[in-house]
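Chain nomenclature is as follows: A, B, C and D, assigned in order of appearance, with residue numbering initiated at 1 for each chain independently.
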Amino acid sequence: MSLNGFKACVLRTGGTNCDLETSIALEEVGIKAEIIHMNRIENKSLLDYHLVVFPGGFSYGDYVRAGAVWGKNVLVKLRIELERFIEEGRLVLGICNGFQVLVEAGILPGDGVSETPSAALANNSSARYECRWVWLRVENNETPFTMMMEKGEVLRIPVGHAEGRFLTRSEKDLEELKKNRQIVFRYVLPNGDCANGLYPFNPNGSTYDVAGICNRKGNVMGMMPHPERAFFGWQLVEWGKTPPERGDGRKIFESIVKYFRERIY
Amino acid sequence: MRLRVEVRLKPGHFDPEGDVTAKMLRDLGFPVTMVKTGKVYIVDVESDDREEALRLAEEMCRKLLANPVKDDYSLEVLPT
Amino acid sequence: MRLRVEVRLKPGHFDPEGDVTAKMLRDLGFPVTMVKTGKVYIVDVESDDREEALRLAEEMCRKLLANPVKDDYSLEVLPT
Amino acid sequence: MGLGISLERMRYLKQYFKERPPTDVELQMIGQTWSEHCFHNVFKGDVITDDGRLINSILKTYIMRSTKELDKDWCISVFEDNAGIIDFDKGYAVAAKVETHNHPSAVEPFGGAATGVGGVIRDILGVWGEPVALTDVLCFGPLETRYDELPPGVKHPRYLYRGVVAGIGSYGNNMGIPTVSGAVIFDKGYTGNVVVYCGCIGILPKDAYVRNTRRGDLAVLAGGRTGRDGIHGVTFASAELTEEAEELRSAVQIPNPIVEERLRRAILRIRDERLATGITDLGGGGLSCAAGEMAYRSKLGVDIELDMVPLKAPDMAPWEIWVSESQERMLLSVPEENLERVLEIFSEEDVEASVVGRFVETGRVRVFTRKTVVCDLDLVFLFNPPKVTRRARIPRLTPAWVDLKEPIDLAGEILTLLSDPNIRSKEDVIRTYDHEVRGCTVVKPLHGEEAGPSDAAVVKPLRDSWTGIVISCGVNPFYPDPYWMAAASIEEALRNNAAVGGRRVAILDNFVWGSPENEDNMGRLLKAVEACYDFSKALDTPFISGKDSLYNESPLGPVRPTLLVTGVGIIPDIRNVVTISLKEEGSRVYIIGSTKEELRGSAYFRLKGVDGGEVPKLDAKLSRSLINSLIRAVDEKLVLSCHDLSEGGLGVAAAEMVVASKNLGIELDLGKVPSNTARSDYVLFSESTSRFLVEVDGARWRRFEELFSGLPFSMVGRVARGIGLRIIDLKNGLHELSGSEIKKAWRGY
C-alpha cells in the first residue's frame, strides 16, 4: 500500500508504450499504480481506483486513426463505469496517444461521453513526427492536475508525436472551451508570450496553440506533451552544472496528490 | 451486402502523407504536382437491404471510420 | 491530369488492420462479417495525355505505391 | 534468383546426395545457410595475401583474438549469440548489436530501413534483452545529385534519404524505443549503394540469460505471420544492385512494428517467469536458419511441421514457408510442462503463437508437410561446408604532396565547414525520431536549450541505479588508408564515449565493403581488420559483436568501404555526465592531445578538393593516458563541458560548443595549441586523433593540469560572454564569428 492509499489504473493495449515510465512517475509521488491490459480489464472494477491514466504510444498501430480504435474499445468495454467514474469526480488523464483516445472516445472536450468526437488531433502541420522540448503556459491552475502551479507559469516538457494538431468543429466550439476554462495548457514562446502558431514553439499547428484541455468539471484532462518525461531533474534537456532536483512535469502528478488529499473519498 | 467506404480529409486540411508521397514520387522522377491520400474499407455487412446497408455504413463512419471534424466520407454498395 | 490510384491487398491476404476494424465494428454492434482495407491516392501528373498518365501511374505503383508481394492496384483517370 | 552456391560447395553437396536428389526445400535451406549473410564465409574463410601469408579466418585471427587476449571478466557473451552481452550493474547485463540493411533499403527504403530496425531489436530480444535504445548510421549519395548521373536501377539519394529516415523513425517510435545516437554521411561513394546501420542496446537480468534447449522441448513460433515477403533476403543481401532492382522489392520484408511491440511484451514476461529454455529471432533465412541453428548449437535435432505455421497468404509452397523472412517472428524452445502458460501469455498480449515442432536427439533437421518429409538433413553436414578462400592484394597508399594556399579568412572557412552536409545539424532527421520515450534519456542527441550535437548518448536503464549506458560511434570512411581509418574509427568511438564521461567501453564492428572477390577490396578489408586487432588490444577495448556486409556493388561501382565502430560504455553516476554546452563565463578552455599536420581525407581537404599529406595516425598508448586522465577529471568534477575533435578539427569542435551554448563563446589562441605545424588553417582543421576541447572549472584548474602532467595539453583560451568565436591565429591576426552566425551556418536557419 502506498503512502496515501491512492490508486491509479494505468491502462494499456497493444501498441501502448509509455505505461511504465508513467507508472513510475505516479509511484514517485506516492500513488500506487497498476498497469492493466485492456484484455484483462473485465476482471477489474475501475471504481477501485482514484485515477485512470491513458498513457502514450501507438495503440493498435494507429489503425483507422490515431487513438480511434482504443477510444471506441474503451466505450464498448468501460462506458458505464467510466461515466460513473467521471461523474463521481475521480480523475482521468490522457497523455499523447491517451489524449487522442479521450478525444476519439468523445470524452474530451465534451462532458460525459459522446459517440462522435467533437474535436480532433490531426496530423502535425510539419508533416512529420516531432520530438522536442516545448514551453507550455498554464492557462487554468484550478484543475486537479494543475493545482500546484501558478496561472501563467511556463513549463518545460517534451512532445513526441505526429498527430497533435488540435482542431475543434468550429470557432464557436473553441470559444466555448475558452469560456469554460477548458484550455489548460498552451504552447508559448520561451518568454511566455503566445506562440500564435509559430513553429517550432507550437510544434504541430494546433488551433489557438492548444496543448492540453480538460472537461468542464476539470477532472478529465488530455495533453500532448509528456509530463512523465520531465519528471526527474536528470531527464531535463538542460541542467547547468548539476541536474536540478525535479522537472516541471512532476507538478502535474503532485497536483493530483494534493487534490486527492484535499478531497475525502 | 458488400460496401465500399472511402474516407478522405476534408478539403483544405493538411495531408502530410500525401505531401510526403508526392515528394517521394518526384524524387523518383515522376512529374507529380500533388497527391492526396484516403482510406478505403471494403465492408461486408449481414443485410440484404441496400438502404439499410447504407444506413449502417453511414453510422459506422460516424462512430468509427471517420472523425467528422476532419474527415469526409463516401459510401457505395458494391455488386457481389 | 488527375489520377486515382487504389491499392488493395491481394485476395486471401492477411489484413491485420481490416481484422481490427471488423472486430471493433462488431463490438460496436454492427453486423459486420469482414473488412478489408486499402488506400487511395489522388495524383496530379503533368501530362495531358491519358495513356501516358496511366502508364506513369502504373509505374508509380510498381515503384512505390504498391508492394508486389501483397498488393493489387487499380487506376483511373478522373475528370477535371 | 539463384542459390549462389560455389562450385566447391556444389561438389560437397553432390557427395552428400549420392543416394537421392535433394528436395527443393533442402536446396533452399542449404542456399540460405551457406549464404554470405548467414555464414560469414569471407570472415570465417581463408585469405591468401599477395605477400604470401595464409590467414585462417580474419574474424578469429583479428577481431575475436583481441577480445580473447584482453579477457575481460565483464564480457559475458561475445560473438556467440544474437548480440554481445556485457556486465552492467545490480545483477543486470547490457546487450548490444548493430546490423546493416543496405540492399533492402536500396530498393524499398522505407520498408528496408524499418525492417533493419525491427531485425536488430529482435536480436536483443533473442538474448532475452529488453531494448532500451536504438542507434542508426546512414550513408547516402549527395542529395543534390543530378538525375542524369544516375544509371538505371539506382534511386535518387533524396528518395532514399526520405524513405530510410521515415522507416527508421516509424519503427522505433511505434515500438517506443528511443533512437538516441547515430550519424548521417553524404558522399558520391554511396550513391549506388546506400548504407543503413541499425543498432539496438538492451538490458537483462544476468540470470535470465537462458540458453539451454533440451531434447523434447517444443519449438514455438510466435509473432507475425509468415508471408511471401522477404523471400531470398539473404542471397539478395549479397547481390549486385542492378537494373532489375525493382523486381527485387519482393525480397524486402514488410514491417509491422506493432506486432513486434506485442511480441516484446510477451517475450519479456516469458523471460521473467523463466518459462523457455531457448530463444532466437527469425532473421536471414527465416525459420530454416533459426530452427537449424537452435538445434545445432544445442547438439540436438529438430522436427518441424510446416502445416502449423500461420500464413499471411494462402498457397505458399513449403520451401517458401521454410525460408520466408517475414518480420516480427521469434522461435522459442519450451518444455512441454510450460507450454500452456507460454501460450496464455502470448494470447494475453495478442500475439499469435503456434507449436511448430519439437527438438529431438537425431542431429538432423526434418521438415514435414502433410505428414510427408520434405527435408531431412544432417546438421553437421549443413553447418560445415567447405571453407571459402579469398585473395587479397595489400594496398599501398601513394603519397601525394599538397598544394594549398593558406587562406586569409579563417572565419569564413569555419562557416563553410559548419554548413557542409556532413557536419551541419542533422536536426531534420533527429527530431523525427522519438529520443525521449521510456523517459530514460539523460544525454540527448541534441542536448541543451540550444540543442548542440552530443558526442554520445546516455541512458539510465534501471530505476534504482544511477549507472548509465553511454553509446557512441566512430566512423571515418574518408581516410584513404584502411589501417589508419579503422584505428581512427575505434578511437573516435572511445573518444566520444569519454567526452561525456563514459568508460569501460566495449565495441562493435560493422564492415560495409565492396565485393571480396576483388583482391583490392579484400586487401583493404584485411588492413582494416588488422587495425581492429592492434588497436582494440592496445586501447584495451574488446569487441563483443559485429557484422559484415560485403558485396555492396552497383553499376556505379563498389561502395565506399565503411567501418562503423559502436562504443558501449558506462558511467557510474549519470549525475556526473558532461555535455557539450559551455557553462560559465571566465572558465578556462583546454585542448588535450597534440595537433599534427594530418589532414589527408579531412573535411577541410575535401572541401578544398585536395588529396595528400598524412592521414591521422594513432598513438594508442598516448590515447589511453589522455582518456584516462580525462575520465579522472570528470569524476573529480573538474570538467564543465567537453567535446571531442573529429571532422573539421579544432575549428569545428569549438564552433559546435558555441552552437550548444546560450550567450557564451570561446576565445581561442592558436599559438597555444601544442602542434607541429606553422599554418593556422592546419592547426584549426587538422583531424589528428586523441584530442578534446575541455572547459575547466576556473577555480580548480591546477588540479586539472596536475592530472595531465607529462601529457600534451594546453590552455588555449577562455569562455566569454556575448561572443561566438574569437580566434587569434599564429600570426596574431584576429578572426571573429558571432554566436548567431555560427548557429545559422550549422543549423541552416
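Annotations for the structure displayed:
FYI, contacts are C-beta pairs under 8 Å (C-beta built on N, C-alpha and C of every residue); 3 or more make two chains touch, one makes a residue touch a chain.
Keep in mind the model is a prediction, meaning the values are calculated, not measured.
The greater number of contacting C-beta pairs, out of the two interfaces A-C and A-B, is seen for A-B.
Note: centroid distance subunit B to subunit C, computed from Cα atoms, is 10 Å. Subunit A and subunit D have Cα centroids lying 36 Å from one another. Averaged C-alpha coordinates put the centre of subunit A at 29 Å from the centre of subunit B.
Multi-chain contact residues of subunit D (touching two or more other chains) are listed as 256.
Counting only residues that touch two or more partner chains, subunit C has 16, 21, 24, 28, 63. Across the assembly, subunit A contributes 60-61, 64, 69, 72, 128, 162 as residues in contact with two or more other chains.
Taken as a contact graph, with one node per protein chain and an edge wherever two chains touch, the assembly is complete, since every chain touches every other chain. Those residues of subunit D lying in contact with subunit B across their complex are 147, 155-156, 158-159, 162-163, 166. Interface residues of subunit D facing subunit A in the complex, by the touch rule stated above, are 169, 173-176, 256-258, 261-262, 348-350, 430-442, 444, 447-449, 460, 463, 574-575, 579, 581, 583-584, 640.
Of all residues in subunit D, only 108, 111, 225, 227-229, 246-247, 249-250, 254, 256, 259, 311-315 touch subunit C in the complex they form. Touching subunit A in their complex are the following residues of subunit B: 13-17, 19-20, 39, 62-65, 67-70. Subunit A makes touch with subunit D in their complex at residues 14-15, 17-18, 20-21, 24-25, 37, 39-40, 56-58, 60-61, 128-132, 158, 160, 162, 226, 228-229, 231-232, 234-235, 237-243.
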